[in-house]
Amino acid sequence: MDLKSFRPVSGLDLPRFAGIATFMRLPHIGLDDPRLVDVDIGLIGVPWDGGTTNRPGPRHAPRQLRDQSSMIRFENAVTRIVPYDLARCADLGDVGPNPADVADTLARITAFYDQVRDRGITPLSAGGDHLCTLPILRALARHRPLGMVHFDSHTDLYKSYFGGFLFTHGTPFRRAVEEGLLDPARVCMIGIRGSAYDFEDRDFATAVGIRVIPIDEFHARGVEDVMAEARSIAGTGETYVSYDIDFIDPAFAPGTGTPEVGGPNSYQALQVVRGLRGLDIVGADLMEVSPPFDPTGATAYLGANVLFELLCVLAECRARKTAS
Amino acid sequence: MDLKSFRPVSGLDLPRFAGIATFMRLPHIGLDDPRLVDVDIGLIGVPWDGGTTNRPGPRHAPRQLRDQSSMIRFENAVTRIVPYDLARCADLGDVGPNPADVADTLARITAFYDQVRDRGITPLSAGGDHLCTLPILRALARHRPLGMVHFDSHTDLYKSYFGGFLFTHGTPFRRAVEEGLLDPARVCMIGIRGSAYDFEDRDFATAVGIRVIPIDEFHARGVEDVMAEARSIAGTGETYVSYDIDFIDPAFAPGTGTPEVGGPNSYQALQVVRGLRGLDIVGADLMEVSPPFDPTGATAYLGANVLFELLCVLAECRARKTAS
Amino acid sequence: MDLKSFRPVSGLDLPRFAGIATFMRLPHIGLDDPRLVDVDIGLIGVPWDGGTTNRPGPRHAPRQLRDQSSMIRFENAVTRIVPYDLARCADLGDVGPNPADVADTLARITAFYDQVRDRGITPLSAGGDHLCTLPILRALARHRPLGMVHFDSHTDLYKSYFGGFLFTHGTPFRRAVEEGLLDPARVCMIGIRGSAYDFEDRDFATAVGIRVIPIDEFHARGVEDVMAEARSIAGTGETYVSYDIDFIDPAFAPGTGTPEVGGPNSYQALQVVRGLRGLDIVGADLMEVSPPFDPTGATAYLGANVLFELLCVLAECRARKTAS
Amino acid sequence: MDLKSFRPVSGLDLPRFAGIATFMRLPHIGLDDPRLVDVDIGLIGVPWDGGTTNRPGPRHAPRQLRDQSSMIRFENAVTRIVPYDLARCADLGDVGPNPADVADTLARITAFYDQVRDRGITPLSAGGDHLCTLPILRALARHRPLGMVHFDSHTDLYKSYFGGFLFTHGTPFRRAVEEGLLDPARVCMIGIRGSAYDFEDRDFATAVGIRVIPIDEFHARGVEDVMAEARSIAGTGETYVSYDIDFIDPAFAPGTGTPEVGGPNSYQALQVVRGLRGLDIVGADLMEVSPPFDPTGATAYLGANVLFELLCVLAECRARKTAS
Amino acid sequence: MDLKSFRPVSGLDLPRFAGIATFMRLPHIGLDDPRLVDVDIGLIGVPWDGGTTNRPGPRHAPRQLRDQSSMIRFENAVTRIVPYDLARCADLGDVGPNPADVADTLARITAFYDQVRDRGITPLSAGGDHLCTLPILRALARHRPLGMVHFDSHTDLYKSYFGGFLFTHGTPFRRAVEEGLLDPARVCMIGIRGSAYDFEDRDFATAVGIRVIPIDEFHARGVEDVMAEARSIAGTGETYVSYDIDFIDPAFAPGTGTPEVGGPNSYQALQVVRGLRGLDIVGADLMEVSPPFDPTGATAYLGANVLFELLCVLAECRARKTAS
Amino acid sequence: MDLKSFRPVSGLDLPRFAGIATFMRLPHIGLDDPRLVDVDIGLIGVPWDGGTTNRPGPRHAPRQLRDQSSMIRFENAVTRIVPYDLARCADLGDVGPNPADVADTLARITAFYDQVRDRGITPLSAGGDHLCTLPILRALARHRPLGMVHFDSHTDLYKSYFGGFLFTHGTPFRRAVEEGLLDPARVCMIGIRGSAYDFEDRDFATAVGIRVIPIDEFHARGVEDVMAEARSIAGTGETYVSYDIDFIDPAFAPGTGTPEVGGPNSYQALQVVRGLRGLDIVGADLMEVSPPFDPTGATAYLGANVLFELLCVLAECRARKTAS
């Protein structure tokens, strides 16, 4: 496996503020690039927020995340993982959305990820609002339901908005369960908090068997205990990881549309990802970073760190499966 | 005519930072309020940006404009008009949009303005993106086409986007002409500038007889000469005024989604409105203020001043027609 | 009890960015509104910072808090309290201050709260600087001293400033004790920290029997232990709750005039309010939010969450007393 | 005359970002410093905004102006004046205000300027809100009324606020005329604009013979013509210059409490000061810079340039009088 | 000439917020890319500010300019030029600087541009501080001195700083004249202003025959007259164009290290570039955009528009020479 | 010992926003001031960032730290130390750097600190980037190696950058060990984290015997345990303390060039300094505050608090040694 062509540019060679910004300073390899056949893990931008019911902005996230990710180096200081030693990584570019049409955009996203899946590439996605996860799951879970570990302050399990509208960033996982893309018994949602219109979403979770760990339980038990349970729920089957940046307290991640105070700090934000090690992860995403509400870029920078932690876990998983 | 109940709260009585923010500190009179029958001019918020193809945000404008408008006093220092001496003014609240559905929202807006029109109220609207003007025109121009004076850096006359999508903030006046809501021979567009994908919009303008005054002509001729022509084009018939905040140079009005550099300054921004005096204006709007791109509120404050200038012209027009 | 007319507008009906901003999107019922007789809990703005010795700004807080409170929904996710099911709530508007005269404004505030007290309405106030609490206490504690739980980084117990001036935001509780508005033995101050000119304030606290829990003790003991003691100090008598936003660490609440680093995080900021459950609370306030130092609105948003937690506790208390 | 000890530090020796910030990087010479006897022109900060009726902040201006003034070099590029070749200049420090008492602070300011006047030092002041000019005039005009050239968007000639309160930043010149500190026939106010509560201020101006040049006349006539008239009004008698930063359009000077759109640009802002050359100026000030509304420091930087232009005119005037 | 492969991505196909950001959304073609042989005009980033004596930041400019340039469309609305119809354009990436060594970086830049020159590519550069222009000229003017039109508020003709240091952003054109890279008789500097340490730079200009047009002359004569003179000075010989963003007034372009108030507005900023049409331009640059001082990106957006105007002029020139 | 002349101005006398800003509002006593002989502890600014490899800015820190330090009062609320009762403190001004030459600036800094050391003054320094610590150590450790407690997210032990360049803010302690300025066995580095290019720095630490406590160990063990070990490592010998602001989590201290998420909170940031009590400290610094990335000043304010905690420890140490 030729890893050398799929490494980031080093800041010791070209300063981190220089050069065209790609995810982690990786090579840009579009879907029509011949090098695509060699890619193991593809970082993909989904610049769309057509499902947002409140404050818009995540359509701008992939570009800002690329910019901030140029600050990240190669080696994980805690786990000592160097993902680029384990897998061939690349920036696959952005899915092209239609900002004026929800249905058309959902179809465009699924079509893009169908190609990624067919190539055997593990996708690591940067949204976009949380509705973007639904069309990704439609591609990745086409042939069987997946387990899921979901970090968020909201369940995104609501039935509908504004008098019956089914596709918003508050409904993707309701749809995913209904469409058979997720196996509820293998889904765990962590960090849920904030005031609520009602508890219809959590009643649905209970009814179908999704495990919801609210924030007070999270703070009381601590990261290690919670993540042990999450791993146990996801089990040994194929699992997706969806990370909403509003999982993190808004003092650490202000740039998002529906922040909820009282959340985890930035150290816990990284720890939970490290707690995914050992799972069989077939894809992951980071959603809801909103640059218009992130004037200093701090949220995108923390988000880029979360992406890097996810990349380390994905690379380790991919290497383990290749080896076995 | 009882004008006393329809005046703003004075900053000499209650400081301008105090009190619940309504447009110009006017009384809030919703569509179901019995006082509605006495309203002459209604200020209305249209918090929706579902037609935005690029940087979103105008859905937040009505609230920020209300806040900033509390800085405005009663009397126009240049024209000496006190609109509240001429007409009974009120804040009619916001149209309730559906952020997840374009067609539904267009229908909701028209339904709201149908009521306003039927009550004989002259609407002064605060968007929202520029697509909001289309459903307003569908109500106001139901029975005959209107003339229009349009301040903007874009013609908003494009045919479609993203492979045929017809309803974006770049297309409202194309649709309005097609639907017979505007009389092209009585339409004048002022301040047009910026790079272009092509000139399809301007070719359409030429074909149907809309007069487009580009920015270099505006700067060369000056406000008075340009506005004399605009009045001549609009003539004596019923006329609508649509003011896109991006008409103004972004140094003065940064908070908008598609700024174009090289525009008029803030003095010219007010002068052009004063140049509308004498026209028969049946409605006016200010569109495309985008608070997420306006961190200091400067754009909304300038926008509130533009709204006040429009209000002065509307009140004078209304009083003149009532008198005659 | 007709609760239906005193509920917030739902974001599922009207998006949260739309509509005129009132506290929690509640109906606005001024002191001269006939519906006032049915109000149980009144949210009141006190837009005044005439007692500020350092960086001004809290006069702008009520408006910004109203705006940010539109993000809050109905139901408390942790305590499961829906305050609007327990009490009839309304936005009573702002007290009108005189920014150019301290004595006049103190009198205006007390006059406003005299009416609120006489109507049997429990006030939940949003300042303003902390001097505003003094005239509120003059109304609420007219007939007997109150206990108080006070969250702050400063005791606000200083004797005077600038050579003998008695009324600043550093002196309200010294005055309140002197005037017999507070029962020192039932007062507990939590979170005190920051460098000091001297310890005259704490010596006074010791002398009169006020319990001060400094921040190092707070961090060492934890929220639950501290709040148990606070409840024990306040006892079963009538108690006021005063919450200075600078109680919270400035990373979470930067928008305040005299921030002190090293404070509680946002989760603890909410937990302490939940720890007030069971007390007999006759009024509460949130003070010192300063929008000019809060460019992103994050402080006001956290403040709105604190107000909501206070509202839940007040509603529960009110319902308990009504029931008994 | 030893000019050498009264020159700024050069940025070619010590970079402009280095060193303790004084006005123009001049030596700091307090009122009790023995070097005071040699000072010709004293730059003085008046950090107080107790007269502000709306948005506070100018108490922070002297410090920010000192910081930004370190960007200014020695030589005026247009007039070629090097003020430090003409007069011995120093930073005299700040007047100590009492933020909690208006009357006390007015007395403190006058006492400070009494000393400055008695020493024969020409003061160049940096406010503070515009009420600060009144106590300065009480010192400088003790023995005879002065003429005044006043750049502002407001006349500051109002009678009273909030039911009779006489001392706010909207009333200083009404008081100054009443107290005989200004000779109305030698007063010219330039740039007046913005909406108004009423025209009571301008009626007073007319009644006493103050010349008010509103902004539309300013734009129509141009700087040179307007300043020729201003010089003619002020005549050959002793004259004070008061410059409110809100004279300038808020796109150039956003950091102020009561901005009015449609004002002069930054080039005109400097030109008008150059148009003062030849007058007999006994003092000057720059007021109403408000750092909390000036996040980037752009207003203070422009303000520092205005101060430098004023310094050049004062130094030239001082040298001319010394020579004659 | 195959122009099709060298066109920007259209915002009608892929929204402007999507996709990896390159200059004008052009294809990225590095120096080792085989497509380089077909490039006519290369946009190049020079992310280095090692010559900055005051406030640093331009090292971050190329990335921010790429981001903002995605807002630019194809066609110049005033001149009707579509540069991509006239020349094959590409983003050549960034020169890799050494932020810790001035001499090494100067050599690296010249080496990069030697390659560009040898390929016959016309470079359009985005700095970087103004010292970057010197090594570019060393490559482009290797074989004969060039004329230059220079837009700036400073001459950058100083001899040295900090006791003899020769290479800063205040000295590049002194060095360039000394090294024979510029023909002083064919150099014109426009917009010079701001306070000065001394006039040593202008004395040098006079001595060698460089024409300096200060800002007061610029404002008095107007753009057309000034640019006619500039064209006359540059004549028919090969000419370089260097555009310092601080030429523009800081209200329009705040994001720069040494802003000088009183400059041209944004319309004039574009007009002057259009006034270069007809010259024989062999390279151009835009320098001194400083993102850390440009929080909203407004400066970079205006800068991207300036780059586009320069690109139009370069493309027209290139096409004319190819045709002849 | 006359302590009275070396105390800060009190905010009860002169409000904290007033007056020329010096560190802690202490008297400014330059190296040529006769009062220097009486100074025990000197606060010194080092406004230079010539060693920065990524995002520049710390050259602006001393001025912003002075400004924010005016918020600090006299008495430490936790340790009850009043440093001004224990030692004569003064602001010694800034070292004058040469922003265009690394070697020259290193020499200038050492020359300045040679004088400070020769006078027997304990220096408390405010950088500047972390390379500034090297020339300080060259002065302070001239005669014997020092121990060091180092708070940071990076070891700053790298060998070289950009192909062999030895002097950057990533290399000072590698140089200091090589030059014999530090005794590796008495050096402890706390808080190290973030992704890494490689582990060459930590391998060096291990090889020479420096103790590195990474962030996960810090979080697992807690402040008290970690600081007990740090004190044990530093022992009874003379020790330097170097505090990089990026030790603290960027939610609390965003204004720095190379932030690393997942760090200590603001309470821990102060606690660790208190944990230094008892050591024999001969100098201390706070480095890497970067105002261009700190728009609200929050980082500088926290930094000023860290400086105050360091000052308390230094004063206590100095008094103890004087007493013994």
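Just so it is clear, A, B, C, D, E and F label the chains in written order, and each chain counts residues from 1 on its own.
The working rule: a residue touches a chain if its C-beta (ideal position, glycine included) is under 8 Å from a C-beta of that chain, and two chains touch if they have at least 3 such contacts.
Please read all numbers here as calculations on a predicted model, not as lab measurements.
Considering every other chain in turn, the ones in contact with both chain D and chain F prove to be C, E. Here the repeat of D-F among A-E, A-C or C-F is A-E, since over half of its contact pairs match by residue number. By count of C-beta pairs in contact, A-E exceeds the other of the chain pairs A-E and E-F.
The distance from the centre of chain B to the centre of chain E, with each centre set as the mean of the Cα atoms, comes to 39 Å. Shown for chain C are the residues in touch with two or more other chains, namely 13, 15, 17, 53-55, 59-60, 99, 161-162, 251, 265, 293, 295.
Interchain contacts give a graph that is no line, ring or star and is not complete, per the touch definition above.
Pairs of chains that satisfy the touch definition comprise A-B, A-C, A-E, A-F, B-C, B-D, B-E, C-D, C-F, D-E, D-F, E-F. Looking at the complex, you find that chain A touches chain E at residues 13-15, 17-22, 28, 45, 47, 59-60, 62-63, 66-67, 91, 93-94, 96-97, 99, 295. Residues 53-55, 161-162, 192-199, 214-216, 219, 249-251, 254, 258-259, 261-263, 265, 293, 295 of chain D touch chain B in their complex.
Those residues of chain A lying in contact with chain F across their complex are 10-13, 15-17, 71-78, 251-252, 265-267, 269-270, 295-296, 298, 301-302, 305, 308.
Those residues of chain E lying in contact with chain F across their complex are 49-57, 59-60, 98-102, 104, 161-163, 165, 167-168, 292-293, 295.
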